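In this document, chain identifiers A, B, C and D correspond to the written order of the chains, with residue numbering beginning at 1 in each.
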Amino acid sequence: MEAIVLQLLSGLDGGSAYALIALGLTLIFGTLGVVNFAHGALFMIGAFCTVTLQRILTLSHTVIDDTQKDFLGNPLKVQVPYIQDWVGESAAASIIDWSVPLAILFAIPVMLLIGIIMERGLIKHFYKRPHADQILVTFGLAIVLQEIIKYFFGANPIPAPAPDAFKGSFDFGVLLGFDPNVIIYPYWRLVYFAFAAIIIAGVFAFLQFTTFGMVVRAGMADRETVGLLGIDIDKRFTMMFGLAAVVAGLAGVMYTPINSPNYHMGMDFLVISFVVVVVGGMGSLPGAVLAGFVLGILQSFASMREVIEFLPGINQVVIYLAAIVILLTRPRGLLGKRGVMED
Amino acid sequence: MFGLNAKNTRLLFLVIFLVAFAPFLMNPFPTDSAMAQFNAGYPDLMQRFVIFGIFAIGFNILFGLTGYLSFGHAAFLGVGSYAGVWMFKLLGMNIIPAIAASVVVAGLLSVVIGFVCLRRSGIYFSILTLAFAQMMFSLAASVLTPITGGETGLTLSLNDPRIFGAGAVDGNIPVPGFFGLEMRSTYEMVMGGWSFSFNTGYYFCAIIMVLAFYASIRIFQSPFGLMLRAIKTNQTRLNYTGLNSRPYTLAAFVISGMYAGLAGGLMVAMDPLAGAERMFWTASGEVVIMTILGGAGTMIGPVLGAGAIKYMENIVSKINKGILEQWFSFMPDGMSDIFVTLIYPFIGKGWHLTLGVVFMLVIIFLPGGLVEGGQRIKSIFSRKKTEDTPADGAKTPAE
Amino acid sequence: MGILEIKNVGKRFGGLQALGDVNLSIEENTVHAIIGPNGAGKSTLLNCLVGKLIPDTGSVTFQGQSLLGRKPHEINQMGVSRVFQTPEIFADLTVLENIMIPCFAHRDGAFKMNAFATLRGQSDITTQAEQILDDVNMLEKSHMHAASLSRGDKRRLEMAMCLVQEPKLLLLDEPTAGMARADTNNTIDLLKEIKEKRDITMAIIEHDMHVVFSMAERITVLAQGTPLVEDTPENIKGHPKVREAYLGEAQV
Amino acid sequence: MSKSNFTRRGLLKTSAVAGGAALAAPRFFSPSWADGHAGYLNAPQGDTVTLGFNVPQSGPYADEGADELRAYELAVEHLNGGGDGGMMNTFSSKALTGNGILGKKVEYVTGDTQTKPDAARASAKSMIEKDGAIMITGGSSSGVAVAVQALCQEAGIIFMAGLTHSNDTTGKDKKANGFRHFFNSYMSGAALAPILGNAYGTNRKAYHLTADYNWGYTTEEAVRTSTEAMGWETVAAVKTPLAQTDFKDYVAPVLQSGADVLVLNHYGGNMVNSLTSAVQFGLREAQANGQDFQIVVPLYSRLMAKGAGENVKGIFGSTNWHWSLTDEGSKAFVKSFGEKYGFPPSQAAHTCYVQTLLYADAAERAGTFNPCGIGEALEGFEFDGMGNGPTLYRAEDHQCFKDVLVVKGKENPSSEFDLLEIVEVTPAAQVTYDASIFGGELGTCNPGA
């Protein structure tokens, strides 16, 4: 029983990451009709916003410390962050400690800008091109973006720990009446889950309750008609792309303490997030979220030792197997609409 | 000729010419010159050009004609490779059973996968094929290790049975051959500062590639090909015209799967190792890229695309900083540093960046791929010509 | 016994009853129009005839054979062709190729693996296709891309493609929708001409009363998924129930 | 900077004699890649010799590959008499004089393995066929090492393995033309077990998470065998997909399993992520079976430890070499590497540097570049001064036997390189095993002609 609850938690946790990325992908697909293979790269750039902020906060000047020696036996050059000189050691330490949450503020404008530039500079020329062309050009862009990141940050993962306040685990089991120390779950992963829930709810609320959202939803349903109404749907779609980029970027920012960011983390997520989107039904936002959680939970249960022993390798294939079964029984995915992307 | 119209006959002869003289064409620079870095006329790369050409030609039969975008085609290449290596291990080092087994196994697998996946179309079809390929990759790399050699790949070993062949030659594993003709044997020709390699394996692959290309032309201009093109443009109308699109798409899928299997078989015939990463989604993506980069739906495009990608992967990635410095050493110090700094990110370990930039440029500016680029160049020249001789109107290139 | 017999056909979509209890018989060699206001179930009925939808209840027989559960291509091969509201042609192919496809379908059936035959080698098919294009005055356009045809030509091409297969029953789904009056008249003339030349039955779903009354020999009025009345055009014109249900709002 | 010039110079010299644009007579028609008269493939002609450095330049191990490449460049510089000579001064064999190899200037070509066996073989083949490389070295994974080693055996070229830790490389997949300086899974297990026993006691229950591929299997096997031998119990061993990025699903059930030690048979990105997850789930602070819960990482890499950040603190593992070693060889190497590049070398850099020197030395001692001669010179070769104490290149499987380092994540690192501290230098004798236990056949050396 404990194991089931734990795996369920783990599945929800994994599902929230899938759902967040798939949500952004679906937003872009639903509004613009563009299959964006660079979405994983946006996620990755979000994560590197954290790294960049970390680097900015720890911009240092060197002080020579004669008491210590470096690996060549020369006096050690100690890096002292400028910020330490300005606000003092303890304040500086806590600012650096909180760099991941702070990176949210940093990432929003950066991602919005990147999204808008991408849409205006590249994507908009591909609205009328075949999906295969869109896939290829965005895939090319993804490669370029990740190579740029690799050029500046290297190929190794770079640690970006969560603030000390969120280290350690929360004893979930006690809440549910289990023994202490049986069902514990890391604080930061719970934060990520809550964060994902807030972002998803926020996007839905935005689309549901604002006029902007209303127009966009109308545009998703029937672009031509909305255009005929004299509404400048293009501008709104640009904003939607920016929004999707922000969603992907924030997902990346908050993900950094979970896995140290590296330049190919976007590609690792890309295939799985496409599977999520398609299983959810192309163009369906609730479908993407639902499929994210369903596949996350399935993955989690398939990774249980008992399951693997019974069905070796099932943990490797469960998502794809589920995708095949769902697509064969529900032709347009879980919540997909008729006629979207079928030809 | 050969049942082809004039244009396609010319195309076929062009391809025959290109592959026959590839050892010359690929080595345009004297071996000692700084530009020799760009020579691609060594056996391994030439083999790769034609093998991936076959893969892309086959993929184009499915994607270019029917518009069904398979994102799992590497799976067929992978199982083809495994089947080939197993033939080497079990039977002996003759490549004919290996290649035959590759084609048959890939064909059978594509019947199964095609039957399931073709129940859906559009992106749903793509994701289904992707899912199958990824499953096969994951399993091959892990739980199927006894059959596939796992992540290391399936290699030959001295203790393999090889019931129709020698177990070992001078304490070494025998090499693949065609009734005694070793695939790796190479004839080197030196002409002045140039040297050219004529490799048995390459010419074997080249002959098969020409046959594969010929078969693809025949399919393109057959009634069957017409039906496939009809499926791409309007499947609904086809069904209401009394034609059952399913067996047509399945046939196209299986044919292209067999082409992939053939490519896999040739790969192991040239180099007897089969690795799971041949089935990874990026490998499937690579053939999509080759096809589109060259020009999907055109006959020669996929071959060009395959060549372009393999060239970048094998040539650009080998340029290192030392070579770069050598190139620009004729310049004054400051200037050469600037050039080296500017170009350095794009070569050697940065070859992926070059690849990404090239994709984007081609897709943005040449929607029809490299073939369209060629046609544009040609039309510039023919426009000039028509200015001189206005009698014969320049034909606008077919899209 | 008509060429097409529809008995007690019903179809529901979720909670919505699209077709109630449709009984309809189409006589051989007649032009039978099915009219009715929007949402009356005309398109649903048509889709039930061609194999796109399977009715929940009832039976559909064509020349005594049941059509239920058959795929569109099978139904087509039995002799039922369909003309769409907006012309469905192979836009990326040439006009000649468009015509050749039904020629092949007619000759070879639903599937033939002739991957190594050449198109040019099929001289019977090419001759036949060119003949047909000549018949519809499109021979000089045979190497044009079908996408670049005018709308009227597309419609003509689609008709020609249907006729290649010598269908016994031609189902027309609002063949003049969105057309200007002149084009509409051309289409009517084309259809009349076809009717004169061949033994063919036509079932037309149509909004435009002008088309209906200039062609139809029998008319069925469909309302809320059930046939309201079936009669000759003259009688339909004066029928009070029809005026009430339909013509009252869309007086021609 | 060595100027490299990448040609089939053997052919050129001949053609220069033939002269002009006249068609030189085909020099050979041989059923292999052979270079004819020299009796072995790619025999260097003229005054240079070309080595092929095949390292990951793209993909997750690109940084490790970059460090390997730095080491190779340094080694070439030293062989050609440049720099301060590095470990050539401390090497017990004095055959190398800074005059290239056998008087020929050393040049090199580079390629990208992409950490994929296929790509690595393609790259190695181009070095052999196009550039006339006489030896291939490098790599950062066992899959690549095994694949390239097999290729070199087939072609008739010496392969000096880079970083490869699987038992298979010199076990079931060993080849006469392949040589490995790096240690292996078995040695890691044998070196770690006593240290773990001392630190954590012999009454422990271990839970293994194992990367689902060959290296993972051999490492799990090695650690299990050696820890079980001293009384540990293995509660469970779960295989994790190689492509896994988030290990939460695998780490979450560990605490309830009754285990009190988690062994992460992961390397590279897998290790960074699984260790991070394990620490997040509180395993480092947890208590189980009345003892402190412990985590073990059998194979450490400093570059990867950097990726895991402070999560490595206090965690045991093994490594082939570490820059903080104080023997003369290590000091000399760290000094010349550090002065050239500004930071200390990684273990991958060390093994690659050493392999290059060992190859050059073997060629000098054998007096030929013929792979069979080099093989003979390396087989049973005993040397010292290369950073791992007295070392033997065992003839039976071409594996080096030398001291193995047991290390621990440092609690208070003084710099970004100072992440590991050496806990013990396990003597070679303790990690030596019988050559036959892993099966496989060495075969005979192949000179390619």
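By definition in this document, contacts are C-beta pairs under 8 Å (C-beta built on N, C-alpha and C of every residue); 3 or more make two chains touch, one makes a residue touch a chain.
From a predicted model like this one, the values you see are computed outputs, not experimental measurements.
Enquirer: Would you identify the groups of chains that remain joined by contact if subunit D were left out?
Expert: one piece
Enquirer: Suppose you hop from subunit A to any chain it touches, then on again the same way; how many hops at least until you reach subunit C?
Expert: Graph distance in the chain contact network comes out at 2.
Enquirer: Could you say which chain's mean Cα position falls nearest to the mean Cα position of the entire protein shown?
Expert: B
Enquirer: Which pair, B-D or A-D, has more C-beta contacts?
Expert: Taking the two pairs in turn, the one with more contacts turns out to be B-D.
Enquirer: So, what's the distance in Å between the C-alpha centres of subunit D and subunit B?
Expert: Inter-chain centre distance comes to 33 Å.
Enquirer: As a quick test, compute the distance in whole Å between the mean CA positions of subunit C and subunit D.
Expert: So the centre of subunit C lies 73 Å away from the centre of subunit D.
Enquirer: How many angstrom lie between the CA centroids of subunit A and subunit B, rounded to a whole number?
Expert: Roughly 34 Å separates the two chain centres.
Enquirer: Of all residues in subunit D, which are in touch with two or more distinct other chains?
Expert: Residues 58, 62, 66, 212, 239, 241, 243.
Enquirer: At least two other chains touched by the same residue of subunit B: list those residues.
Expert: Correct list: 138, 142-143, 352.
Enquirer: Two or more other chains touching the same residue: where does that happen in subunit A?
Expert: Subunit A, residues with two or more chain partners: 316.
Enquirer: Please list, in label order, each pair of chains that touches.
Expert: Once each pair is checked, the touching ones are A-B, A-D, B-C, B-D.
Enquirer: In the complex, go through subunit D and note every residue touching subunit A.
Expert: 58-63, 66, 212, 236, 238-241, 243, 245-246, 248-250, 252-253, 255-257, 269, 272-273, 276-277, 280-282, 285-287, 303-304, 306-311, 323-324, 334-335, 338-339, 343-344, 414-415, 417-418
Enquirer: Along subunit A, where are the residues that touch subunit B in the complex?
Expert: Subunit A residues touching subunit B: 35, 122, 125, 129, 131-133, 135-137, 139-144, 146-148, 151, 271, 274-275, 278-279, 282, 312-313, 316-317, 320-321, 323-324, 327-328, 331-333, 341-343.
Enquirer: Which bits of subunit B are touching subunit D when the two form their complex?
Expert: Residue list for subunit B touching subunit D: 31-32, 36-37, 39, 42-45, 48, 138, 141-143, 145, 150-153, 155-159, 168, 170-173, 175, 182, 184-193, 195, 197, 271, 273, 275, 277-278, 313-314, 317-318, 320, 322-323, 325-326, 348-349, 351-352.
Enquirer: Which residues of subunit D touch subunit B once you look at their complex with the stated criterion?
Expert: Interface residues on the subunit D side: 1-9, 11-12, 14-15, 18, 20-24, 26-33, 57-58, 62, 65-66, 109-112, 116-119, 121-123, 125-126, 129-130, 142-143, 146-147, 150-151, 153-154, 168, 173, 176, 212-215, 217, 239, 241-243, 440-441, 443-444, 446.
Enquirer: Sort out for me which residues of subunit A touch subunit D in the complex.
Expert: 2-3, 6-7, 9-11, 13-14, 17, 68, 70-72, 76, 150, 154-159, 161, 168-169, 181-182, 184-186, 188-189, 257-260, 262, 264-265, 268-269, 299-300, 303-305, 308, 315-316
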